[in-house]
Amino acid sequence: MKIIYFAWVREKTGTAEETFERPDGVDDVAALIQWLKGRGEGYQTAFADPAMVRVAVNQEHVGVDHRLADGDEVAFFPPVTGG
Amino acid sequence: MKIIYFAWVREKTGTAEETFERPDGVDDVAALIQWLKGRGEGYQTAFADPAMVRVAVNQEHVGVDHRLADGDEVAFFPPVTGG
Amino acid sequence: MIRVQTEDFDFATEVARLSDGNASVGGVCSFVGLVRDMAGDEEISAMTLEHYPGMTEKALAGIEAEAHARWPLQDTLIIHRYGKLLPGERIVLVAASSAHRDAAFDACRFLIDWLKTKAPFWKLEEAGGEARWVDAKSSDDTAAARWGGGGGDKAE
Amino acid sequence: MIRVQTEDFDFATEVARLSDGNASVGGVCSFVGLVRDMAGDEEISAMTLEHYPGMTEKALAGIEAEAHARWPLQDTLIIHRYGKLLPGERIVLVAASSAHRDAAFDACRFLIDWLKTKAPFWKLEEAGGEARWVDAKSSDDTAAARWGGGGGDKAE
């Protein structure tokens, strides 16, 4: 799967984009966030307050209970502030 | 006083503008309309349905109970349709 | 600013004036009203706008002042044309600028809603070789009434 | 039509497209959002907009389609810039044209309200030599919520 980070989520994880096989047991967005938090301090900081992070899967806004499939494009970002 | 007519009120009275001394007893707009209706058929047609005619005195929208003073500028016109 | 004129206006130049050189403006809302080619199922060949010189400017200035009293605005603009216009031509431009978009939107809509029931303009429509005065719409009274504070061109 | 671009746009040309050659348009409502020079009591020196290429276009097209589903519109337009902008520069243009002004106003406001909570843009503000990400405003959630039908970038 492809994971993309934007704005301060990108700055905190220190990663703009990464690609890896979907880990065993990572069946939904909540599980993915949990798994990512195990990858280091930057990720822990980024996801410290899950209410502050929004998620899109395959470029559609979703909730943390959204089921993941192999090959999904998952994006994490702060609440949007355009316009 | 100066009387001005616009749009179909002007067409019906056949008059764009006229000036005369305020007649005796013409103390408010309603009395003026009554007096004007005595001036001929065109005026009678124009004021046949008073609900269709709007009035401004000295360029401010007023009701038919508005008191008139010598020298007033009184305008009669249909409901406005600009914009 | 208000202007009553026969000639067309430059939309971009006019709207730009509401924010040019003023970086405290966060948003500019504008509305342009145009002559439509149809009235009901009849084709319109031309539209002539008559107005009441003197009172028109007073009425528009009053509407503009009321908008500034109701919302925190940086600037407002009303341009209204009169005389003979063809389908597709611009009749009116209203615009409002503010630090925030809600004030800009509300004020812009207020300007056109009040203008439609308070400013002394009358439309003469030409269709099928005949000219007829356009009737006022009750929907315009309803639109103006939602802002409260004054019953249009009816007695107040 | 939607466009996501770094360069500025020609306001008059863009807005004229919503009515040019279509005399069934009675009104065009447009809104331009600009970079303000102040945030609270702090002076802003620049604003950088980041976005999510691909999803941005999808989100804006979805918002535009929703507007057409809700109102009888002739045309709509969304142009949003990204990259570094200075105070006074245009960020966004939304516009809607319709036979009647109520649809044009409602749709235009809907476009900007939904865009502000659904389109993946993020603002980085520079003030006093520091850069910081702008916080989302709860007033934008409230504004979007008044149109119903979808909770912005929160789970739906």
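Miscellaneous remarks
Chains here go by letter, A, B, C and D, matching the order in which they are written, and residues are numbered from 1 within each.
The rule we apply is simple: a residue touches a chain if its C-beta (ideal position, glycine included) is under 8 Å from a C-beta of that chain, and two chains touch if they have at least 3 such contacts.
Just so it is clear, the model here is predicted, and its values are computed rather than measured.
Separation of chain B from chain C in touch steps, taking the shortest path, is 1. The chains touching chain A as well as chain C are D.
One simple way to say how far apart two chains are is to compare their mean CA positions; for chain B and chain D this gives 49 Å. Computed centre separation for the pair chain C/chain D is 24 angstrom, with centres defined by C-alpha atoms.
One finds 73 Å separating the Cα centroids of chain A and chain B. Chain D has residues 33, 112 in contact with two or more other chains. Residue positions of chain A touching 2 or more other chains: there are none. Only residues 10-12, 15-16, 19, 21-38, 87-88, 99, 101-102, 104-105, 108-109, 112, 143 of chain D touch chain C when the two sit together in their complex. Listed in rising order, the residues of chain D touching chain A in the complex are 33, 49-52, 54-55, 58-59, 80, 91-92, 112, 115-124, 133-137, 140, 152-156. For chain B in complex with chain C, the residues that touch the partner chain are 4, 6-8, 54-56, 59-66, 75, 77-83.
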